[in-house]
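The structures come next, written out as structure tokens.
Next, two complexes with chain A in common: one pairs it with chain B, the other with chain C.
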Partner chain A sequence: MAVAKLKSDATEARLAGLTLPAGLDTARKDALSRLIATGLPHKRDEYWKYTDPASLTQADAPQAALFHNDEGPMFDAIDRVKIVFVDGVFDADASDDLAADGVTITRLSDVADADIHWATELYGTLEARGQTPVERPLAALNSAFASDGVLIHATGKASKPINLIYLHGDTGSDVMLHSLVKVDAGAEVTLLETGPAAARFNSVLEVDVASKGAFHHVRSQGRDHERRAVTHCFARIEDEALFKSFTLTVNGKLTRNECIIEMLGDDAVAHVAGACVGDGNDFHHDDTVFITHDALNGESRQVFKKVLRNGAVGVFQGKILVKAGAQKTDGYQISQSLLLDEDSQFLAKPELEIYADDVACSHGSTSGAIDEDALFYLQSRGVPRQAATDLLTLAFLAESLEEIADEALADDLRERLEGWMARRG
Partner chain B sequence: MATLDQTDVKDGVDQDTVDAVAALSGAYKYGWETEIEMDYAPKGVNTDIVKLISSKNEEPLWMTDWRLDAFARWEKLDEPTWAMVNYPDIDFQDIYYYARPKSMAVKPKSLDDVDPKLLATYAKLGIPLKEQAILAGVEGADMPPAEGRKVAVDAVFDSVSVGTTFQVELKKAGVIFCSISEAIREYPDLVKKYLGTVVPASDNFYATLNSAVFSDGSFVYIPPGVRCPMELSTYFRINAENTGQFERTLIIADKGSYVSYLEGCTAPKRDVAQLHAAVVEIIVEEDAEVKYSTVQNWYPGDENGNGGIYNFVTKRADCRGARAKVSWTQVETGSAVTWKYPSCILRGDDSQGEFYSIAIANNMQQADTGTKMIHLGKRTKSRIVSKGISAGKAQNTYRGLVSMHPKAKESRNYTQCDSLLIGSNCGAHTVPYIEVKNNSSRVEHEATTSKVDDEQLFYCRSRGMNEEEAVALVVNGFIKDVLQELPMEFAMEAQALVAISLEGSVG
Partner chain C sequence: MLEIKGLMADLQDEDKTILKGVDLNIGAGEVHAIMGPNGSGKSTLSYILSGKDGYEVTGGSAALDGDDLLDMEPEERAAAGLFLAFQYPVEIPGVGNMTFLRTAVNAQRKARGEDELSAGDFLKIVRAKAKDLQIDADMLKRPVNVGFSGGEKKRNEILQMAMLEPKMCILDETDSGLDVDAMKLVAEGVNALRSAGRSFLVITHYQRLLDHIKPDVVHIMADGRIIKTGGPELALEVENNGYADLLAEVV
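Then we have the complex of A and B:
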């Protein structure tokens, strides 16, 4: 088949010149075989129907100009452990001590010298599980070749959030980072990820949450207009565990965020949300979510909101899979787009696959222009048209921001969004 | 069949619904076989078989070439695998592609000359091939003519049309209703102009195979401004063993015309699965309207999944002119495997497409069905209402596409698809694709039954009903909305379906 040939050729070209980093040898070799078995994705693959992966798979990273940001750092007012990577390279000077109560933090590149048992066991495991029923070759590529990342082990309630700060300083940087989070029974940790990271960024996060543990994830993907990113978050959550993830994306030429969650214990809760504001015909944003309910009484929510204009493209592929026996599942999925002009596009595939009868799953998807009646109402009360549009846009995005448990973090994101809109107007 | 009495049904699912599903998908009533001598073409498919079918139908050369061209394409195609259905590999060389009752070797001059065995077959199916008014579900042809309602029938038996009723009366109104083989001979210009323009010979694996080997089917032409004086219908009966049925239907509703078209189908019970790969093309010109209703009741196989029909069908309507309207209504209860997506191309400005579907899958049945609404014209509207019910070990998938093209300004789509599972061994799946490429259009997709219209609820409450009664009324009213789209002739099926409520839906 022609596509299979194209894929194996592209894979060969991509792998040329790459060597497996030291440490985690078995896991890396296994990941490489997974990648070679499937080949890199191609736009003819059903899972890439709405997003062309070419720039993510090509051998060399496309150039991406830097964005000069005069704003202060994100979440600056919040006490947190800062871990800084510049184009994927750890910056010890800019980083805090890798320490906080209730949590141990190590770097992935240290794992070769240290025997971190849990990390050796977890690395690549959830990624490998996530390869069925849908292949995720870019994640396998990452597991094989990731140069660094952070290993977080929460043994109690972490005293402060951990913030991975990704700076972009080289217009041709091509970065793969792989981080692990292990949350012990009853433990809790918040992970913040901020910044563009590189011209091309491939990120994998594997999160293992034990019984009654809680994991909070808040991410803001940086404002560089030309950057490209593919991210995968693989999570496995046990009984009564909580997983919450929120991502804000405002710029970037291409972003594909995949979130793959397996709910293996009863009464588990998983919420995934995203807000995206896209402007311009070189903006393409794709949220791909796959939630598997494999236990009783699980609750999952997917809330994705996209505001698009000037030819921006927004994609949502969401799936809820309820396995046989996963009774009393409550699955909710909403994807909505607000198209601010004639040129933008919203492409969605909200899927359900259900093998249990006593469940409630709903999915909704809407797309349309801004509500003219609401706009007229605001204008008639003296609000200028642009301000009224911004107000309605923020209101539209609000439902997804409400998925952030920590008010201080949510407020920071909200203020930035307001600021960006005000300046753009 | 596996009785649903023994199924542990979760709370909230209405018992009447379970009973109705059991009744509808229960003992198959049409599983008997007509003993009749048949002529077969040799098994398998190749260019000789394609030429043979063409020559049996006394087709002109252009038609033979069209078929051969399709066959050459088909040989290069792979069977699609994306649907959520599993079945053993089909050996396309182990099927008879042409099977005709010996008594049809010479075309009967009129219905009176048709083999009595064939007439008796249709009478037994409740489809008397007599020119009299018939009513839905009336057994036999011995009832007195009912008042006014007439339905013209084209009866297809294995590979051939055995007769078409009311042709003369229809012709007086200018309506052409005949078998497609007759249309190719008698109205070649019309066929040549429209055949393959909605579903091209290259469309997909099964449509391409059909283009090469279709043996018969129905043809309808409604001239400008004519409201077809009666309902038209085609009844497909598979009878012979190891045969595939490949029929082709072409309906043309010229400017300002109207027609309501019904389709029914059944097959004998057999242990070996049989293939049915049909193509239906509908052309709807300016201001015309076509209603197409199907009760699909092919043999579903037994409770262990032996036998049954593989129903791989391509149905598409093209609303070519402004204000054209097409409406698909389907009740899917039969077939072992269904792969079917009746679609609407909304090309004309202000054209409208509708899709109403109730799909019931029981035992080992697998259904992957839905629709495509392609909005190309301005202010086009579409509505999709799909109800899927799974029981036994069945898998039922709704798969649909709503596409708003950049030029389809101010268009609208509303989609609602609900699924209900009866018992814990079955599956219900939803795979919608939504593509919005302009911002003045509005697309809404939802799949919950819990969201009942607040205004309707308020109305009911204000009339003194309690909340529960009000919700029941609104939900049932909604189901009935779909059933009302079914013509009178399907009243029996509709009556059985009325008992079904989607209370307890999973989404």
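Then we have the complex of A and C:
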């Protein structure tokens, strides 16, 4: 009972300063009810065993220094629709017109004035579905209180990617954004998310992909060392639909990225991948994935790679649930970490739960040091030890970057990573 | 070129002496072969010269053109002109062969204070050299040595040697795992690199490689020492009579 009391007290304290924003009233109230029913997470919750949620749930956001660099914006060479939020506040001047062929884009905060039927229907729906079998109270908190976000409706093949650019300008900013993506049958869209967003960022993305639709998601969470983030991506994908999501995380005190996918149509494909580079004993990164196969012939793949040094901690909790009747499911899961010293730590909890008898599911999890033989081989060819280590580190991450379908996007991330390694920090 | 005097070394972590005083002098442009039974210390010598971890030098010296090799990091030895063709080339998943070659070439150029090769120039050179070794575009694109056959791996070693243009090349059992045709191809690659300014140390069990790469001097190594030195005829003697007679002679 002690934990329940702690949780309800923490929830009460967190809610004390918050008021429900206008619009989507029913959805927000329902979300608040879900949150109050479960309470905010606590480190004694099984699902938070490896990641202490205290700094994500406490009433005020912990301070986070700004990270300054002279690098240009990510994906700058790629023609895209830029939508800029500074500490969660939409920056109209810095943003492009919210328009591209094949897609309509609206801000969440405009939904109160406009009757956007699909958004009213979708908002909070996938998040609510994602609360079972495991509670995700921080996502419910977000659905209730998110101040803004973007609603993307792909009706055809979007002519260019949509880039949500999250700038961090205030050391104490506490931001909740909630975005929706609806991909119509046969439509296709790419969503890019870049930047740290805030000192503390709580993000929810709900993605509904109809039959034969395709959704591509590439995210880079900025390089601020002290920022904290909890993100949830809830997806529902139908027949022959494609869902692909990749996240690059470099730095950050605490990151918890949850991805919850329901494969409801036959022949659907879902790939979730992540690359993470953590340096220092105040780095903690957690990938939590839950994929449910509830249709025939589905293919899912989870590929997560982490490079950890100087006491950094990486966590992977990945689950594949194959429901009865989801025959011919092909589920693959790999989580690997490269530990560059003995102080760093990788905690993995891979799970398979299978109720169909004709499926192929596999999972693997490894953690290891850098390959000394490969290192010597490179050195013997004249490559200095540090450069050789970097090369092998990038090679280790490569498998996850290969999950990005668009080569130009993948190349941009690869080049950034190389540069960041060369500069250290 | 390469001057080794009384080199002694232990295997670290194990109280085991591998080299018990090796003396070897290789002049510029010369090809020397070291033959010897398993466990005689041939491969260890190549590892110690190239700077692999795990060995402790307990005495003696090794110098390349007068510079103390044992004092250098492996990459410094490489930049100074030393090259080891590995008996078991290492597979490096995720690193493209071309990226690997360019990184290595440019790292050495940088270490020597030379300009890095442009991508275009590099490509031209590597394509020409790869063609001579019958290395196709696909092998250049694939990750380093991953999924390569034994012959492909060894040809890839020779390609690296050709690109890096070292002055002292050590070939550690380059013939192992090769069929006759592959061995010929590798030997041709090596012979093409022979020049007045470049020396070779060829480590092998068998005489047959030396039919293709003709040595000037042949050394027999046993129990951590060079026990006999002679001309090419020494290799033939080993081929015909085995090592037993030679070993008995010394004792």
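Methods note: the second predicted complex is superposed on the first by the 424 of 425 C-alpha atoms of A that agree within 3 Å, B and C clash if a C-alpha of one lies under 4 Å from a C-alpha of the other, contacts with A are read in each partner's own complex, and residues count from 1 in each chain.
We adopt the following convention: contacts are C-beta pairs under 8 Å (C-beta built on N, C-alpha and C of every residue); 3 or more make two chains touch, one makes a residue touch a chain.
Since we're looking at a predicted model, the values are computed, not measured.
J.: In the superposed model on chain A, is it clash or fit for chain B and chain C?
T.: fit
J.: Go through the superposed model and pick first if A:25 touches only chain B, second if only chain C, both, or neither.
T.: Neither: A:25 stays clear of chain B and chain C.
J.: Quick check for you: in the superposed arrangement, does A:372 touch first (chain B), second (chain C), both or neither?
T.: Touch partner of A:372: chain C, not chain B.
J.: Output check: A:411 vs chain B and chain C. Expected answer is one of first, second, both, neither. What do you get?
T.: A:411: touches no partner chain.
J.: For A:351 in the superposed arrangement: first (chain B), second (chain C), both or neither?
T.: In the superposed model, A:351 contacts chain B only, not chain C.
J.: After superposition on the shared chain, which partner residues are touched by A:381: those of chain B (first), chain C (second), both, or neither?
T.: second
J.: Given the touch rule stated above, what does A:46 touch, chain B (first), chain C (second), both, or neither?
T.: first
J.: Just chain B (first), just chain C (second), both, or neither: which does A:391 touch?
T.: Touch status of A:391: second partner only.
J.: Tell me the contact category for A:399 with respect to chain B and chain C: first, second, both or neither.
T.: A:399: touches chain C, not chain B.
J.: With both structures fitted on chain A, tell me whether chain B or chain C touches more of chain A's residues.
T.: After superposition, B is the partner touching more of chain A.
J.: Superposed on chain A, how close does chain B come to chain C by Cα atoms? Whole Å, please.
T.: 12
J.: Please write out, lowest number first, the residues of chain A touched by both chain B and chain C across the two complexes.
T.: After superposing on chain A, no chain A residue contacts both chain B and chain C.
J.: Using the touch definition from the top, list the residues of chain B that touch chain A in their complex.
T.: Contacts found on chain B: 9-11, 13, 82, 84, 406, 419, 421-448, 450-451, 506-507.
J.: Going by the contact rule set out above, which residues of chain A touch chain B in the complex?
T.: Contact set of chain A toward chain B: 46, 322, 324-325, 327, 331, 337, 339-369.
J.: Show me the residue ranges of chain A that touch chain C in the complex, using the header's touch definition.
T.: 371-374, 376-385, 387-388, 391-392, 394-399
J.: Under the stated contact criterion, what part of chain C meets chain A in this complex?
T.: Per the touch definition, chain C meets chain A at residues 50-53, 73-75, 77-79, 83-84, 86, 89-95, 99-100, 103-105, 107-108, 111, 143, 160, 164.
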